[in-house]
Amino acid sequence: MTLTARQQESAFQALDGFAIEVPSWGFANTGTRFGKFIQASAATTTPEKIADAGQVHRVTGCCPSVAVHVLWDYPNGIADVDSLNAYAKTQGVAIGAINPNVFQDQCYKNGSLGNPDAEVRRTALSHILDCVEIQKKSGSRDLSLWFADGTSYPGTGSVRARKKWFEEGLQMVHSQLTGNMRMLVEYKPFEPAFYATDIADWGMSYVLSKKSGPRAKVLVDTGHHYQGQNVEQIVAWLLSEDMLGGFHFNDRRYADDDLTLGCIDPYAVFRIFHEICLFEWEQGKKADIAYMVDQSHNLKNKVEEMIQTACTAQEMYLKATLVDREKLVSEQMKGNLIDSEECLREAFFTDVRPLLREWRKSKGLAEEPLAAHRESGYNEKAEAERAERNRGAVASYA
Amino acid sequence: MTLTARQQESAFQALDGFAIEVPSWGFANTGTRFGKFIQASAATTTPEKIADAGQVHRVTGCCPSVAVHVLWDYPNGIADVDSLNAYAKTQGVAIGAINPNVFQDQCYKNGSLGNPDAEVRRTALSHILDCVEIQKKSGSRDLSLWFADGTSYPGTGSVRARKKWFEEGLQMVHSQLTGNMRMLVEYKPFEPAFYATDIADWGMSYVLSKKSGPRAKVLVDTGHHYQGQNVEQIVAWLLSEDMLGGFHFNDRRYADDDLTLGCIDPYAVFRIFHEICLFEWEQGKKADIAYMVDQSHNLKNKVEEMIQTACTAQEMYLKATLVDREKLVSEQMKGNLIDSEECLREAFFTDVRPLLREWRKSKGLAEEPLAAHRESGYNEKAEAERAERNRGAVASYA
Amino acid sequence: MTLTARQQESAFQALDGFAIEVPSWGFANTGTRFGKFIQASAATTTPEKIADAGQVHRVTGCCPSVAVHVLWDYPNGIADVDSLNAYAKTQGVAIGAINPNVFQDQCYKNGSLGNPDAEVRRTALSHILDCVEIQKKSGSRDLSLWFADGTSYPGTGSVRARKKWFEEGLQMVHSQLTGNMRMLVEYKPFEPAFYATDIADWGMSYVLSKKSGPRAKVLVDTGHHYQGQNVEQIVAWLLSEDMLGGFHFNDRRYADDDLTLGCIDPYAVFRIFHEICLFEWEQGKKADIAYMVDQSHNLKNKVEEMIQTACTAQEMYLKATLVDREKLVSEQMKGNLIDSEECLREAFFTDVRPLLREWRKSKGLAEEPLAAHRESGYNEKAEAERAERNRGAVASYA
Amino acid sequence: MTLTARQQESAFQALDGFAIEVPSWGFANTGTRFGKFIQASAATTTPEKIADAGQVHRVTGCCPSVAVHVLWDYPNGIADVDSLNAYAKTQGVAIGAINPNVFQDQCYKNGSLGNPDAEVRRTALSHILDCVEIQKKSGSRDLSLWFADGTSYPGTGSVRARKKWFEEGLQMVHSQLTGNMRMLVEYKPFEPAFYATDIADWGMSYVLSKKSGPRAKVLVDTGHHYQGQNVEQIVAWLLSEDMLGGFHFNDRRYADDDLTLGCIDPYAVFRIFHEICLFEWEQGKKADIAYMVDQSHNLKNKVEEMIQTACTAQEMYLKATLVDREKLVSEQMKGNLIDSEECLREAFFTDVRPLLREWRKSKGLAEEPLAAHRESGYNEKAEAERAERNRGAVASYA
């Protein structure tokens, strides 16, 4: 596929319009239940996380915002909003989605909004409403809601009662949203609940969002699906229902592995972007979707893995923009299976990296973001500053 | 668990109210794509299938109706309705759910209601509307809709266009229903479509049913789920949304294996019934659910496997009625995990077979349905009559 | 199924011969990567863990030994052996399998025996050889080897080189075993490695064990399998190859959920025991198998969950002993599918709890171990003594 | 990645040495248990299948042999060998692997070599030994053994007895092999057996092959794995054990979907080839592996899908040859995760299609095999000749 000047221009426009948000918690030390492998350069404070996000944006040019986690990033709650916003600005990024945390405190052992104890439900709701205030003050559009709620043994919770408590809680949250604010409701089949997770699949997110109100949309975490489940089909359904709010991007092989986007199955990532590009092409306008990363950088250097992720997202997105959609739809309508399929393969197997390098040059960015980062000395500096604080931070399994 | 007289009475009432429908196609020779193993006593005509269903009901007392498959059981369409109803009556059973077939004809290669070719969509719709007429004339309450539609390779179909065609087709079907008629929309993750099945999960059935109208409900085939997916949770959600229409019962280990109900995981069957019993207990009335069997009796003797299935369904249902629900709910509310879980285990591990034998005696049935069937000489007679017709019926893979 | 005096006697003999080992780490606070929910009565020291194990044995009569974890239970290494053995004796239990830990230290980030760095491989081997010394001194028969080794991203490790390093390391370990000592090699498909785990399935354990020597056997953790994989078939294969060393029992629904044995699928547990009983019946002697529990008691009270587990194991084992094996084999040989299957179902659906209560009475045990434990005041005492130490022990995700 | 002249030469050499065998049954009408969609141009006789294979080789240049299925392709057994060999020669191809069929006949309902009935085991063995004679006379190197054997319900077969019968049967087969002949033992987790398949995973194939003798090797069908299972890791293990005999290539999403190679996850195909290339590079010689296709072309035009498959195989293989293995191994040894991973990604994302077109030109082949085939008029001719015979060939489910 040799691109015409017009195609290249259109590709550049696509890249100009493509941004992906990074999570503050992606720069801190994380691990599995068996322990954490500590990185000396990992961020230990919120400013450090923001600085790392700034570095990622500096070299990629496509990560202008940072999702934040209220429990960890706003120790003083709403009082921290202005200073954090200001600091982010100095790092060249903006504060993005606001993530409440209603899974870590001891009171949440049997759930948060789905807890049988009304007192705990109130505690959880109160924390989320505080987050809405932070969201308002911060000027963040999206409240990103993930619930660890569920039960791990048959019989230990009432499925329908918990569903009702979620309906009530989410409606309360929705009632506090104003302006262009949205709430995104994430689903996940299991972990940490191992028998029945209260919001286990897109259908449950959909039903709860619909009951909450028009500002509630479904959040698709690409790693939160059953083996074999077709994520791009779910994406297309949600688009057709105007219920797709955004993504938490990562890759997986077995469970919610939280690996680097596209490291296991890049063609699947391409197909998700293709469904979005096809929708936008048919509608003649951009879909209103928050693209966010949510990964656990347990082993790779955190900033490097985020750069790798951002570049992969750009590559897969760019490939998706190259699909000959006119031909595709025509072949689909004629039932020409091989010809329609080849429209996707033709685009996917095109090497878009030269094009991306051109775009980067046109933006004054380095052609190879990872190399540029490594040459910048950023990591060495971070290591020097943070190593001491990262020592001894280990948690063991038992 | 020793039952009081009152508990026994209540158990007998539960059994009196429990019926499960058998499918006509469960008595014919079926197989896998690799071939069919032919049984000499398998039904070769619709009257033979009805007669087999009659035999199952005769010995179990809990299978009073037969689901029919229009393509196979009504060769003359609506003209066959009266005679089939009359024949069923002579066999002691009634005609149950009406099942259209829009997957077998060559025109359905790329789908039925989801086919890109409008002509094929019309053909499929027309067949389904014929089935609605049969349903009306037959006095059948439920139209049972399973669609094989989908695509097997990425890019070969438009997810959203196919969804829209389904919305249109199902709304047309719904518009023809009258009286107490319902349409049940089944979902299935894969097979025969291997990339994206048009109605792949309960969420898709739910959305399409909601758009069709109030007579459309979701049909749960227990074998149509992803590995690990929690079926009883879906059942509870559908109950809470008044969207559970009925079941196609069978068991599975890997894919849609269509094995004997409960042969792989009986505790899971029990938990499904428990969610229903709990709902009915809380609501103070019976849920409106069609219990139907849908299995492929490829290896076991067909009538025997159906008897085994009916008995298993009764046992698991009876166990579910024994759960101490008052205690269960109380322990759940207090967050007592082990105590609430043990309410389920206590009931499941109770041996209900003596109770079932008592109930059968009280109904004038044999205590052991399978033994009674074997002693009846039914199979030998069927074999003598049908063996010739069953010869040479084999289909090979390639 | 009414048991004759002879059957009851034989059942009692079976129970007399059935013991299951509990893990010391099952009494400490554990959690998921998202955090731990702290129990005030959880064990905080090795003596407390041993005391808890003693309590479990006191009320169940079937848990006479405790598996230990060298890193956590022998802070002074081999110097702790005598005192621990002595303490265990005071609690009425013995020290069982020795578990090295080569996954938690920072040096194991890229593996232990499979690490590309020879220095790390040596460190890991050295730790395991220390464990062998402890095993010898302790008089423990089994060294229980689980390796977290593997890679999480394609290309990041050499599959064959790592296999070779494992062969070398395990042969070294084997060469140090004497007397009746054995080494059990565990497999696990994923977690914490998410792309390729070095010992991922029974085939890999088998190959490595065979290469190590005759004292190396495969350890089957019931939760370490792919969705749908048939564990009892693997058990039967290993028995036929004389390569089954033992079990880590637990239950699962999705991944390595480490739930209470039998809480999700009790029929599967029964079938595992059935394969063993069938083998022993055919061989005319007991199989040499270590039955051990390995669960994460994150939510339920730890001692209570262990008692629940031990009772479930006894129940499922007892059901398995009731299978009419003579009839089973005869029906299998004749190809009578339903009749052979019903041999299993007949035994599984028999309520063995009355029989178990009889056996307990005959041993001077309380009929209901869980109730007896609750009435004993043990938990209240543990809580009073340990609550302070359990405070503030929380680890957060990021 | 711009290739140097030397790299291009080395790539051409790699392509010269890469051949993939097509199956005769891939040109006949196949389907699912729900029915077959008939193609007018599908092969209806063995000569037609061979002719189709010839056409695939004519346009791709990389499919010089055809695997045959004895039951279907040798109606007169060994008497057909000479004429079939001669006919294949006229079509520019050779007869490849010999595939017995011991699953289709009615006697195999409860198994073939694993059947409890010794008479059936003898029948199966006899058929396989006939195939060995055909193999000898035909000059075919490989006997390709797939067994549908297994049980579909717990308790209905003896796992260990069936294993023993397989050991005996396979040893008999092995004893008849001479010269360079091999037997390849395929595994498959399920379908058509739904509870326990007798040869369910690579470990079982490995154990049985080892017991059979040195000419027995494992056959890896890429579609025959559990969800999430790492196929390339199994490939690497088998290579290191000198036990990899060959492949049946296809792609899957859910079960044994038998889709076009690489249509669902092309990166996984690339990684399989990479493990082989890496092994060969380290060993300094070609691995002795039979590359074969085994797909069900139910919906796409059969010859076209085979061409698509062959081209995909070439592309993925060529990408694998481009991996900078020296750098890869060096980065792996240093534990540089991102750098080693990028060696794979760099190669995979290189567009090798221009290189392939160059190679084709250098061989006098058309640059675009699929287009060349379409322009050849082959399909129209086949349709004209075969349409009549393909009519009415439909099999229904029940």
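Note that the chains take the letters A, B, C and D in the order they are written out, and that residue 1 is the start of every chain.
To be clear about the criterion, a contact is a pair of C-beta atoms (placed from the backbone, for glycine too) under 8 Å apart; a residue touches a chain by one contact, two chains touch by 3 or more.
What you see is a predicted model, and the numbers here were worked out from it, not measured in a lab.
Looking at chain A and chain D, the chains in contact with each of them are B, C. Looking at which positions face the partner, chain C and chain D present mostly the same ones, since more than half of the interface numbers are shared. Chain B and chain D have CA centres that are 38 Å apart. Chain B has its Cα centroid 40 Å from the Cα centroid of chain A.
Looking at chain A, one finds that residues 109-110, 152-154, 189-190, 195, 227-228, 230, 253-254, 263-264, 267, 299-300, 337, 341 touch two or more other chains. Interface residues of chain B facing chain D in the complex, by the touch rule stated above, are 25, 28-35, 37-38, 69, 72, 103-104, 106, 109-110, 148, 152-154, 189-192, 194-195, 227, 252-255, 257, 259-260, 263-264, 296, 298-300, 394-398. Those residues of chain B that touch chain A in the shared complex are 109-110, 116-117, 152-161, 163-164, 189-190, 195-196, 200-204, 206-207, 226-230, 232-233, 236-237, 239-241, 267, 271, 274-275, 278-279, 282, 328-329, 332-335, 337, 340-345. In the complex of the two chains, the chain C residues touching chain B come out as 227-228, 230, 253-254, 263-268, 299-301, 304-305, 308, 315, 337-338, 341, 348-351, 353, 370.
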